[in-house]
Each structure stands twice: as C-alpha cells, then as structure tokens.
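What follows are several structures.
The same chain A turns up in both complexes below, where it pairs with chain B and then with chain C.
After this line comes the complex of A and B, so read on.
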C-alpha cells in the first residue's frame, strides 16, 4: 500500500512538472492551428495542385513538372516577367531617391508647413487604388485626356499614354509611384528619425558640408530602411495586379501584363494547375530578388 | 526552469508531422468533386399550389436585377408556396469559385453562355426538362448550352447582330439601306458616303480586344462556324474566317474604319459627330442612342446584318446568357420551376421584356430565345423614340430567326483573346495580314490552350 502511494505521488509530481512544460505550447498552439489551417494547408494544396492539370471540375490529372516546363518554355510567361522587371526599373530606383529626398526635407524641423507636406505625401497612399486608377484613365486618355490637351496647347502631338506599347508601362509606373511613394517616405523618415542628432552635430563641428553629411552619414545610417523598402517594393512590383487590371487590362498587346496579372489570368480561366505553378515560380523569383537586395544593401559592418 | 531542447524539438516535429499528414491526405485537388454530373428530373409536384420551399437565386446587379425582381413577383403569384431569395451578386467573380468549392451554392444563377461549357460538371443536366421545349428554342442557344449531348443551361436571351446606321446621312448620300444586303454592299455604301464627306470613317471596328473577338465570332456564327467545333477542335483555319478577316483588311485599306473602344469617349464623340455611320453590332447597342448619344438621338436605325454571300444568314449572335442550376443546389426542382416560368411561359418572359417600371417601353437590349415569344406581330417591347420610333422588335426577331446553330464555347475562349483578339487588333492597325492572324493565333491557341485543356 505504501509502495502504491509512493508511486502515485511520484506520478503526480512528474505530471505537475510536465504541465508547466506543456502550458507554453498550449498558449501558442492557437497560432499554429490557425497558421496550419490558413497558411500551411493552402500552401501544400497549391503545391500539389501545381503538379496537376485541373480546371475546377472532375478529377485532377497528375502532370508532374509539366506545368512548370510549360511556363518556363512559354514566351508569354517570360514577357510577363520582363514587363515586371521594366516596371521595377521605372519604379524602385526613382522611389528610393525621391522618397529619401522628401524624407530628408520632412525631417527638417525648420521646414514650414511640415504637417501639410506630410499629409500631402501620405494622402495618395491612403486613397483607394481603384478611384485613383479611374482618374488616371481620364487624365491620360488619348483623345480627351488632360495631359494630351495640355500637350496640344503647346503644339505637341497627342500621345497614346495607355494605348501604345511604348508609353503604357511608364504611365502605369507613374500611377504606382504616385500611390506608394508616401509609404516609402514613412519608412525612410522613420529611419532618419532614429539617427541621433549628435552625429550631425559632430560632423558639423568637423566641418562636413550638408552634402557630405547626407552622403557620409544619412545614406549609410538609413541603409537598413532602404533595404527594407527595396525588398517590400520588389515584392509589390512583381505582384502588381490592380493597376494594370483596372487601367489597361494588361494591354496594349500584353505590354502591361505584369507577373501578377499573368498569374491571375490562369486562375480566372480556371487553369488552376498552371496558376499554382506560376505562383511558386513567382515566389522563388521574388525570394531570390529579395535576398539579393538584402545582401547588396546590408550595412558594411554586417558584411565584415 | 530550463526547457529541455528535445521537448521543444519534439513539439515542433509533432506539429510539422501533423501538418504534413493533414496536407498529404487532404490536398488532393478535385478529390471531393463528383465526376458524373447529376440529371435533374421533372419536379414531383403536380400543381403550382403544392410547390413549397425556399430558393436562393443569384443575378447581376443593376437595372436587370430590378427587372427580374419584378418578374419573380409574378412567379410568386403563380407559385405562392415558393419563397425566392433573390440576390444581386458579382457573378463573374464569384460563381465559378462557389461551384468549385461547393459551399453556399445558390439554387440557380444567371450566367454568360461562354462560361457554362467549362463548368458543366458542377451543373445539373437539364436535358429531360428542356426536352418538351427543345424544338422551340433558338438553335444557337441550344448549341451553346449543350456539352456532350447534354443541356446544362436554361436558354435565356438571344442577342442578334444588327446593322445600326445613320438614316439621315444615308439619305443625304443617296444610299438605300435596304440595298445593303451583302458585306460587299456595305463597303460600297461606306465608300459612297466617304466620297461625299471625306472626313467620315463610316464603319465602326472595335478597339477592345475582347469585344473585337466577340464581334468576330458573331460574324463567324453568321456563316455557321465558330472558333471551335463541338469536340473542341479549332476551326480558325477556314474560308469563313479568312473571308471575314479579308473584309476587315479591305475596310481598313479603304480608310473606311473608325477604330474606337466600345462606347468610350472617343467612340461616342465620333458617333455623335457623324464620323461613324455604320455600326455592325449586337442588339444591345440600342442602349447607346437611348442613353449616350445626345446629338444624334433619333437619327439611328437598325437593319439586319448584311449577308456574307447572297441569300446567306442576315444575323449572328453576339453574347448572351442562360440560367444554370448547380449540382449542389438544395432545391433544384423549385429553381427549375422559376426558370421554366421565366423562359417558357408568356407571363414570365412578358414580365421581363414587356413594359415595366424600370423600362417603361420594355427591355430592348435582347430578345427571348423561345420562339413562341418571338412573334413579329406581337411585340414585347415598344417602338423606340431614340430610333425615330422604329419598331426594333420586328427587325430583331426577323434577324434572330436566321441565326445559325453554333458549338459550345470552349473553356479557353476568354484566354484566346490574348491571341486572336490581339491579332485582330493588329490587323485593324495594319500590322498583320489575315493569313498572319490565322496562322499566328491558331499556333498559340493550339499550343497554349487546346493541348492543355
């Protein structure tokens, strides 16, 4: 009897020791359950889907890497990546430069109407994209748009801003810049405000000019923020969907069919296996680009 | 206090293991879908009074929803025991996904004919139910709703192509619209008008690739063909398409074309200014003179399309919709009763097309596809003031009677716009020849769409 009691007591002690060990996991378990249901499961489903041909009805046909081979040998797929790459070149470098310039101005405590400028820069970022896209359609209309009207006043010919393959991408890039540069300014302004003022004071005492301070202090010290911005905007540009969908529907002649829109076209046509394969190729590409950007823009001390 | 490393690893392993097992077991696409579509039998209820229950019906939003809402009111007078939960839904965005997922599926829905063929496995086979009406339904509508010999949609509207023209300009130029009986006549008439006023570009060709291809298909249907046959085989390489594309090229080379996007600012302006004189387009263009063309309202008229060959069909269909009953509908029999009422009974189709509070003169953007409704002497909608009081009903039903049968629209039709639609635009812009359009489009449609469908 005594032995039994001792065993029971030992088990109870072990149980009470185990309970505290389990409890942290029980607390974080809801996250994992939700993550598994809405993150892991859809990911695995999509991965398996990418190896099948399925149009949403009947049994899916296993095609192995057929969808991947099809995409990688399809000029339309590469054209969509090319369109996104050109958009990236038209957007990200300009946005980093313009965003940094605006952030430096807004960080200056002596700037008059600073609040007004901040609101003006942020306003497009919080305006619904579809509303802005409609404005773009009207302003850049080839026949009745404001821009061509102004060009006409100075004797210049009308330009097919949204209807020519040469101009459609820059016009869409401008919309993207207009919409998201406010976000870039927020990120860079936060980075700038984290730089201690004493650093600039010391540089001034040492005789560094404003320009020299900008290049030798500001830019290196906000390098992390720039890297973050480049990564986030690379993701956004390669996933860009709503802008071409609303403004140009991917035209003219597919010249604004971005990688995101091309992916959507498979899904909207119920070509779900190809759409899933396209998603994974895009994820790999964006992951590689982001990794490259992070490595390239990593502060020097981290590299060493 | 420290937690053993093994415990943490074990927990993560366990979690990952459970996730992987769940994923491997449950991630089979299409696993839950029935491969054999259900056949809907005739409802067992013997009288309208004994039909009881509730159905959810999806429809498009806007004025058409209001029109159908009123028509459903008439249905409920006939079937007082059936409650209809009529919902305005973005059908293009939601219906296909809902059918695939199988959750919250409506009992019936309005849907584009172009979408039905691709999702037939999720729909009830309505062949037996439609059988009594089969001989009275426009052959085109039956053919686009038929997949593998089975009918999956209740054919609703028919959208005949018509030749819209400016009566005043034709009179000034001495062109008799009744004399435009072939497409060659149309080019001759356009040249005559252009000689009188060199600024005109009389014939509208559309700048939107999707609508441009839909229009091209109307012209193909008029000649009894379509992009794919009933087995899904491509028929682009044919005399009919070559003839159509050649005609477009002749019109372009003769500078007889206004190339503008459908009823956008540039189109409306050139329609109202007199630059455009002929618009070969579906009946739904009637909306333009009624609501958009301020300067030329009352000056437009409609005629049957010209024929491609003397004595050939004077119309083809452009667009159109039907009603579907999902295989997972809760009350499919009651949904059928509603659609049978709307499509095949006089009170039903009259409630939609006849004068109503939304359209006092009636709905004039299409005609029913049920032939007993298409009597020239018994119009459903009234003559239209914006067309100078013309009896559009008579013109439309006579044209509709000539529309040839077609084939179900293939599941890849919308994707083919990237090839045929875009290349047709290149032809209109003088960048491609008809042979190039056919060869290039056929190659890509075959490789990228048909071989993979």
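After this line comes the complex of A and C, so read on.
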C-alpha cells in the first residue's frame, strides 16, 4: 500500500514536470539576459557598424560593403591571415603528433610515476599566458637571453629569436606549444583510455606489430579526440593575440601580426567600422576551417 | 598497449618532456630571486637569494592593485558562474518545457562564437553605457557562460530522477530540490567547475586589456602586460637588468597562486579539462 502511494506520488511529480511551468524558465533566464545584453545586441550593432565608416566619434557614414572590399583588397589583411596560417602549420601538426606520442606512453598501465608526469605536462597550461610571455621575452632576448647564452657556451652564434623575421614566428609558436601541449596530451590520453584493451589483445593474437597496431587501431579509434583537438586549436591559433601583443608587438616588420592582433590594431587606430568588418570575416574563416577539420577527421563510417 | 613494460627509452622521453615543460617555470621562479645583474651575466647559475627584484617591482608597478582587481572580478564573476550555470544546466537536464530544445540550441551555438568577434562591439557598448574603466565592464560580459551550462547539464543528467522525485515528495520547492538534492550530489563536478572558472577568469587578458585603460581598474594580467611593454619599449639604459628582474618577479608572483591551486586540486582540474572534450 505504501509502495503504491509512493508510485502515485512519483507519477504525479513526473506528470507535473511535463506541464509548462515557470521554474525552468527562471533557471535559464540569467544566461539569456546576459547573452542578449552582451552578445546579441553588440553583434547586431557590429553588423550594422561594419557597413559604415566610423572613427569612434561623430557621425557614422554608410559605406555599404566598402570596409569588406577594403580589407579583401588590402595586402596587410592577407598578410595577417598568412602569418596565422604559418603559425597553424608550426603548431597544430607538431602538437597532434607529439601529443599522441606522449599520450601513448602515458597510457601504458605499467608506467610508474604516471601522476607525476601528468602534473608536469599540464603545469604550463595553468600558468598565466602574459606572465610566460614575459619570460619568453627574457629567455629569447638576442643580447642577454638564456638561450643565446647557452648557444654561446657551445660556441654557436647568437640568434635573433624575436628580432628576425625568420625566427620570430617559430619562437612564438614554441610558446604556444609549450603552454598547450599538456592540454592536448590529456585530451588524447582520455581518448586512448576509452579504447578497450580487448581490441589490442585481438590484434596481438592476429600478430599485428606494435606500429601496425598504432596506425591501424589506435589512430582511428582516437580520431574523435584528434578532431576535437584540431578544431579547438585552430580556433585558438587564428585568434592568437596575447603572445604577439606582449612578446613582439607584431614585429619584426609585421611578421608576427596574427589575424587576432591585426583586428586589435583597428581598435587602437579607432577605425571601428573596418574592425567590425574584420571581425566578421575572421568568424567566417574560423567557422569554415573548423567545419573543414571536422569533415576531414570524421570517422569513415560516419561519412555518408 | 597494456602488454610491454615501458623501457628506459620510454622513460627517457617522458623525463625529457617533463623537464622541457617544467624548466621555464623553474627558471623564472629561481631567476626572480637572483640579484638582477646575475640574470643577465650568468643565467644558468643558482646562487645568492635576494628579494630585491620583488622590492623594486612592488615599488614600481601597481601589482597590488592588479591582484585586488582580479580578486574582485574573480569573486563576483566566479560566483555568478557557480550559481547560474548549474541552475541552467539543471533546467536543461531535468525539465521538459516548451522551447527547451531551441533554447538549448542557442546555448550551444554561442559556444562556437569566437571571443574576438565580440571585442569591438562590446567595447562600443561599454562606451555607450559609460562603462569603460569600470568593474561591471570586467564582470558582466561572459559572466554566465555557455560552456559551463553545457557541462553542468551533462553532470546533472547522470542523477537518477528517483532522487529528485523523492525530494519533491518530501515537499521541497523546485529550487529546494536543486539546492538540497542536486547540489550535494554534484559537489565533485562543482569543484572542477570552480577550478576551471578560476583559471579562466584569473588568466583572462583580451577583454580586460580592451575594456580598461586606467591604472585603477587594471587586472593583474593587464598590469603584467604594461610592464612587459615598458621593457620592449625601452631597451637601452643602465637599468636594463633591473627591469628584467622586476619582470620575472611580477611573472613569478602572478603564476604562484594558480600553480598552488593546481597542485592541491589537480584531480578536479584534469576532470575539468576533460569535460571540455566531451563536446567534441
């Protein structure tokens, strides 16, 4: 009898949950208030702004697609995208390969000190980017930096890590890699650990070599994690801002002016209409790239 | 790959990697405690310990203000995230209501929005409101973020409905069920959310550097970046070493709080990072 009452009560509770009520709307309201005020409204405003010439004061002049045409025919805009593309090439492939290698080593159940390694790898991810960017300035300084000091000890000439157009990009890419590869390792490790051990046992019985196992089993099975990583890091690289802003200020000769920093330069120049147009072009590009990455890395059976 | 015991090569690779990841942090911390001139003349040595760099840095840079402002933003913005995101996640996980799927779709769509696209429009909105150089400009945008809602929805969806119904039978209000039944059950998830939120707000840079340009409201990261620009902007001069010492002192003191939190709560931290990969 008591059980029946409980069941009835539960049914009543479930039934009432199906009715439209106020509480769920109240619970989600804060997000939508904040999003409307600081997301939708500014986006709409920016869209209109991107069709005007406005320097932060006075009347805005309607210029139609003028800002977009200006950017798309401007070599500096393309140079900023080119710089970001080079950064992407210097970062993402290395991070996926190195991250996967380290994750495979960490996934070995018989590895000792695994917790310690994991902590060491993630520590850079926790440090403030601006603080580490400062350390990079000091460590890679051409005249007094640690790296050139060590090169000098072994008789090698000093390198203009942050002052030559050839080295500035790789040096910033190294900062990005140093800071986020631990994150990549954790993501890939989780993907690997979701792979059932039985799969490997079956492969061993079939006599597949370790490399064969890696390429034909491990890589396809963590494809989803790799795809996630590539999308997240593509977004991050094309929005890269703090690294060049703090370490090189976009130089030397604009060689580290990334897409993100170029966008910011419109703000400092009070050229806000162009800046808004640049934002939307960048969003389109980033969306396109992420979609492309997802498509390329989607597991084969899901491709229709 | 559970068969073979890792050999010396594997250990060597991992140890080298660990050194590469940890050395820059250690170098910055240890160099900040060296006499400034030695940072330049003998960057590899570890010798005399001095607090001179810290003294000079505190005298030159408003880093105290930076810490106070960051703490303030962290407290208010962090609290908003910790209250409103689990609440919204609960509504999306455990209620059926008209428009739910569409509304959740909007939440997911905002996840795809790159931060950069909002910078200029938000800045204009702030100046229209007269909010440039205010705390509300630092706090309100992004204070109830889509990712945390998505994550909390996943966490709360795992709670059995029976538990919630039992709470309702006991006569708890809708908010009472959330507060007395849901919150205690998801405590580990909340700790992970707190750790990740703290890291994100503490390290946030792009928005604070745009929204604030007076010393009074600068967050810690903005204070650090102005110091760095003084260095790159004024390379020559006898006090070059002094500035480097200050730079490393400021960087070290800024990274310590998070490193300590990370070492104490690493398990929660890692589960926080992993929660993010679920959305892939």
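Everything that follows uses one rule, which is that the second predicted complex is superposed on the first by the 269 of 304 C-alpha atoms of A that agree within 3 Å, B and C clash if a C-alpha of one lies under 4 Å from a C-alpha of the other, contacts with A are read in each partner's own complex, and residues count from 1 in each chain.
Definition applied: contacts are C-beta pairs under 8 Å (C-beta built on N, C-alpha and C of every residue); 3 or more make two chains touch, one makes a residue touch a chain.
Quick caveat, the model's predicted, so the values are computed rather than measured.
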| item | value |
| --- | --- |
| Combined model on chain A where chain B meets chain C, clash or fit | clash |
| Chain B versus chain C as contact partner of A:49, first or second or both or neither | both |
| Which of chain B and chain C A:224 touches, first, second, both or neither | second |
| Chain B versus chain C as contact partner of A:207, first or second or both or neither | neither |
| Chain touching more of chain A, residue-wise (chain B, chain C) | C |
| Which of chain B and chain C A:235 touches, first, second, both or neither | second |
| Partner chain in contact with A:107 - chain B first, chain C second, else both or neither | second |
| Partner chain(s) touched by A:155 [first = chain B, second = chain C, both, neither] | neither |
| First, second, both or neither for A:64, with chain B first and chain C second | neither |
| Chain B versus chain C as contact partner of A:270, first or second or both or neither | first |
| Which of chain B and chain C A:287 touches, first, second, both or neither | second |
| Shared chain A contacts, counted only where both chain B and chain C touch the same residue | 21, 24-25, 32, 41, 45, 49, 144, 272 |
| Of chain A, residues touching chain B in the complex | 21, 24-25, 32, 36, 40-41, 44-45, 47-49, 52-60, 70, 74, 76, 141-144, 163, 251-254, 265, 268-274 |
| Chain A contact footprint on chain C (complex, rising order) | 1-6, 10, 13-14, 17-18, 20-22, 24-25, 27-28, 31, 39-40, 43-44, 80, 84-85, 87-88, 90-92, 94-98, 100, 103, 106-107, 110, 112-125, 140-144, 146, 149, 161-162, 165, 168-169, 174-175, 178, 199, 202-203, 205-206, 209-210, 220-221, 224-225, 227-229, 231-232, 240, 244, 247-248, 250-252, 254-255, 258-259, 262-263, 266, 269-270, 273-274, 277, 279-280 |
| Residues of chain A touching chain C in the complex | 6, 9-10, 13-14, 17-18, 20-21, 23-25, 27-28, 30-32, 34-35, 37-39, 41-43, 45-46, 49, 101-102, 104-111, 116-135, 137-139, 144-146, 149-150, 178, 181-183, 186-187, 190-191, 197, 200, 204, 210, 213, 218, 224-225, 227-229, 231-232, 235, 238-239, 241-242, 245-249, 260, 263-264, 266-267, 272, 275-276, 279-280, 282-283, 286-287, 290 |
| Chain B - residues contacting chain A, complex | 3-4, 7, 11, 15, 18-20, 22-24, 26-31, 33, 35, 96, 99-100, 118-122, 207, 209, 265-266, 269, 411-412, 414-415, 418, 422, 425-426, 448, 452-453 |
